[in-house]
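Data block below; observations after.
Letters A, B, C and D name the chains as they come in the text, with residue numbers starting at 1 for each one.
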């Protein structure tokens, strides 16, 4: 029983870390119709900004995280203004390639500024236990912060005029413009949201582990996998996808298939975690292409 | 701000350094070039950069003492990006354009082996400071390792865990040549002494958490955890173990490259086998110098890099430049060289034999040498 | 110096073959393959498999070049039902799945350890072989470009519905193109394995795909000369930064990072200021009836 | 006084030019019907008026100012209400949210206007919570018109309001348009395939042939023979 609870905890924790980054990929896809590889870079930039504010400027972590999120939001707007805004009319594939270039550029600049070595937030957290399952205060903070961010994002998209306008823009760009919705400014807002959520996710991720310029590569596949599972253009689908992916990973490597079938203990080796993530992504794409194709066309 | 400062300072230092060296050789001959190949970008360049620092430190020391037969040593540092292709490119440039006789290499076997493949037919010398795959033994005569191979350290770790009375053990290593290589030799040694291996976990490096990976150990309750790995991943693994309430002691290879996550929890729980000499007077002196120069305590690869450069310098000093001469002189100068990583002795494969092995335990916030 | 030039030419030639292979898929049919490293890896692992299991070199080459198009066909099948960007993600994933499988299943070709294969000792021979392969693929691609099939494919690329009304099934032709171009990439992989003398999973990371993309996009994805030129520029940029690092005396770590930043910047700048690439596709008129 | 004037407009999509110098005016309180064969550029006239095409020459005046270079959302802010023929609702949004978006530019409460829309199209009130994507074609057309009305437009641009609808639905939609006209007297630029329905509403008729106006007469002066000639051979008399 406690194994089950533990697996659920692990699922929730890892799922949260991925989800908050994944929502932005889906949001930008829903409006601009391309998969932005540079999105995870916002997470890296946000995490480093938070780290600098905390370590060098002495801001408390919570404040540093919020400030970093806002700054990264502006950074995302800047990146759009410099690059993507000038390339609105090229093909989605072209934008994907460009976003890769942007990602490589940002990663290298971050590495040049901070050095390639890892840095860690100076926080320690204590273990808590419920029903024999273990987790830490930090985990609680990560899950709670993610949940809060999700609620805030949901309220923004579904309860405010600007949020509804964003969804309208995603649904039908031309129509939205003829209703007086200023697409350019709304896209700016969208980038701000993407930058903010990703930065928050990156900071939480770094709090749990460490900071490294190439942490984007660690996050890239699970994030894209989660977004694909949820449907590329569905913001909260991406969050759900993250949890589903996390559950699949945790279940597959935790369940002792050997004992289940033959008695000899055998589980999926843990190094297959990434394999599961990528496999799930491809499988989803192969199994449910009709829905995806239809939505992308409509 | 502090960051910009340190970058600026580094730039200034480098400019100053480079401005000095041509000045010193103006009178007579051009400097002797020595190549360094390391992953300055790519995954986890921390140890790699440390290795380069060690090489720099040794080159400085040699130059301060008059260089090699009156010629200064000039380092040419190339990035391998931790990609075989970039590593080969770097090596080809060093050997062919810069005409270096020898290169000091940091990098996993995926980078080191292709470079060794390239160097062997050219007859160039490689000093290996990091890769520990047994495959590197195939380049005897052209490749010399300052780092003992995994099997030696792994075996020692396995014996050590068994000697502490552990009957069952679980293994936690990164899924790379270093991790799996050490795991296999340690497991073999542990089983040889009657121990039982409960589970082998090879984790993907750089993951945010290893809780899921370590999950199974909660139920298995091993007497010991045998491990190896580079700093940041080990820190994450410790954290996962602590959070899951896994209380077994850790016996590890190279504890000095580990990062400890929670000092109090780790106190007395982490011990392991590391290269000897780090605690020697020579090692201590170097450490102080490194702290002064780079304002950070060096990790072990600093010493492997230092020894590699020192040996090369001494060999060149003795036999002059020229690949054949250096190759012949290397084992000789090693005999009288008191290395930062202890006495260095090579077998025919260019691998260290009888490297001094010390045991360390993490106590009171730092690693301390313990009696064997 | 000669060895270094030989090395550079060999590298450019092998990567150009990969570029041309990508050109055939993207430039000709508009397929966006983000897993171009996959057929390359399959080819190399054919050689690795043969070496580990004691098979002769030609058997390894056969396995590599035979398996590459077969996997290619598997990967292309969903392309008919998916939009381009979704399919691009499939190819990206397929490449990673193969790499992770090779990494974690040690029985095939050494797993994490990688596998040593016979290395071509004669570097000039290696270069000549690479150039022969490049010339072969370039000629083949050129013929394909100018053939009735090539013309049809360009129409397909511009307008799939128009193509469909012409009564041709785009997928069938995409299959043909993919199979052909993946054999090319597979061959490049086999050659790469024997030039390097070693095969390991870290040679086939996602980033290699983007190196190829950068070259293709830079040179102009629709001409063969552009592809070769783009590859050369990318490789030489990489090489030249090494010399810049040496002369400028900046910390090597900094220069190494700035070099990668330069790659990213080049990719973005090309899209911003010269989207047609250095060598643009010559304007041609097609008569839909002249098939 | 003209509400909308296009003079010598050349416009199209990407590299393709559809309008080759169109000039037409919609007078205050007037309904101008634009007729023409398929591909003559009727819908493009509306899209160009609202600013969704690439315009390379000519000039558009609305409400006394040159709007040629304004983006679509600014034209909407000036009071142009555009009802597209297809993709005319936000499919992923609820009916209520669709209506809210219609009033996006307004700072005052939508309440009274919403009631008007619901009286005009009672069906929409019943399906308020439904996703617009789940509505029938007729309901979508109603929603699109209702949405546009919330903008409080000074000019309506209607793109084939009868297309793809059942005769009953066509009747409902045109009745609604008549009621709007009766209540507000708002000028309308109407593009239609259904000539009979168009003529029942129009004050003036303009016929497009190959992206240029070929005929511009009062609806009452229109001769069917001329119309047919223009539709059949696309020739100018």
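Basically, a contact is a pair of C-beta atoms (placed from the backbone, for glycine too) under 8 Å apart; a residue touches a chain by one contact, two chains touch by 3 or more.
Since the model is a prediction, treat every value here as computed from it, not as a measurement.
For the pair chain A and chain B, chains touching both partners: C.
One inter-chain figure worth recording: chain A and chain D are separated by 42 Å, centre to centre, where each centre is the mean of the chain's CA atoms. If you average the Cα atoms of chain B and of chain C, the two centres end up 35 Å apart.
Centre-to-centre separation between chain B and chain D, using Cα means, comes to 74 Å. Between the CA-based centres of chain C and chain D the separation comes to 51 Å, rounded to the whole angstrom. Counting partners per residue, chain C has 103-104, 253-254, 257, 259-260 as the residues that reach two or more other chains. For chain D, no residue reaches two or more other chains under the stated contact definition.
Annotation for chain A: residues 108, 111, 115-116, 217, 269, 271, 274 touch two or more other chains. Chains touching one another, given as pairs, are A-B, A-C, A-D, B-C. Interface residues of chain B facing chain C in the complex, by the touch rule stated above, are 7, 10-11, 14-15, 17-18, 40-41, 45, 49, 52, 76-79, 81-86, 88-90, 92-93, 95-98, 108-111, 113-114, 117-118, 121-122, 133, 135, 138, 175-177, 180-181, 202. Chain A contributes residues 3, 6-7, 10, 13-14, 17, 52, 56, 108, 111, 113-118, 120, 124, 127, 129, 134-136, 139, 205, 208-210, 212, 214-215, 217-218, 249-250, 253-254, 256, 267, 269-271, 273-274 to its touches with chain B in the complex. Only residues 33-35, 83, 86-87, 90-94, 96-98, 100-109, 111-112, 115-116, 217, 220-221, 224-225, 228, 232, 269, 271-272, 274-275, 278-279, 281-282, 285-286, 289-290, 292-293, 296-297 of chain A touch chain C when the two sit together in their complex. Residues 32, 34, 78, 81-90, 92-94, 96-97, 100-101, 103-104, 206, 210, 213-214, 217, 253-254, 257-261, 263-268, 271-272, 275 of chain C are the ones that touch chain A when the two sit in their complex. Looking at the complex, you find that chain B touches chain A at residues 1-3, 7, 40-46, 49, 175, 201-204, 206-213, 215-216, 218-219, 231-232, 235-236, 242-245, 259, 261-262.
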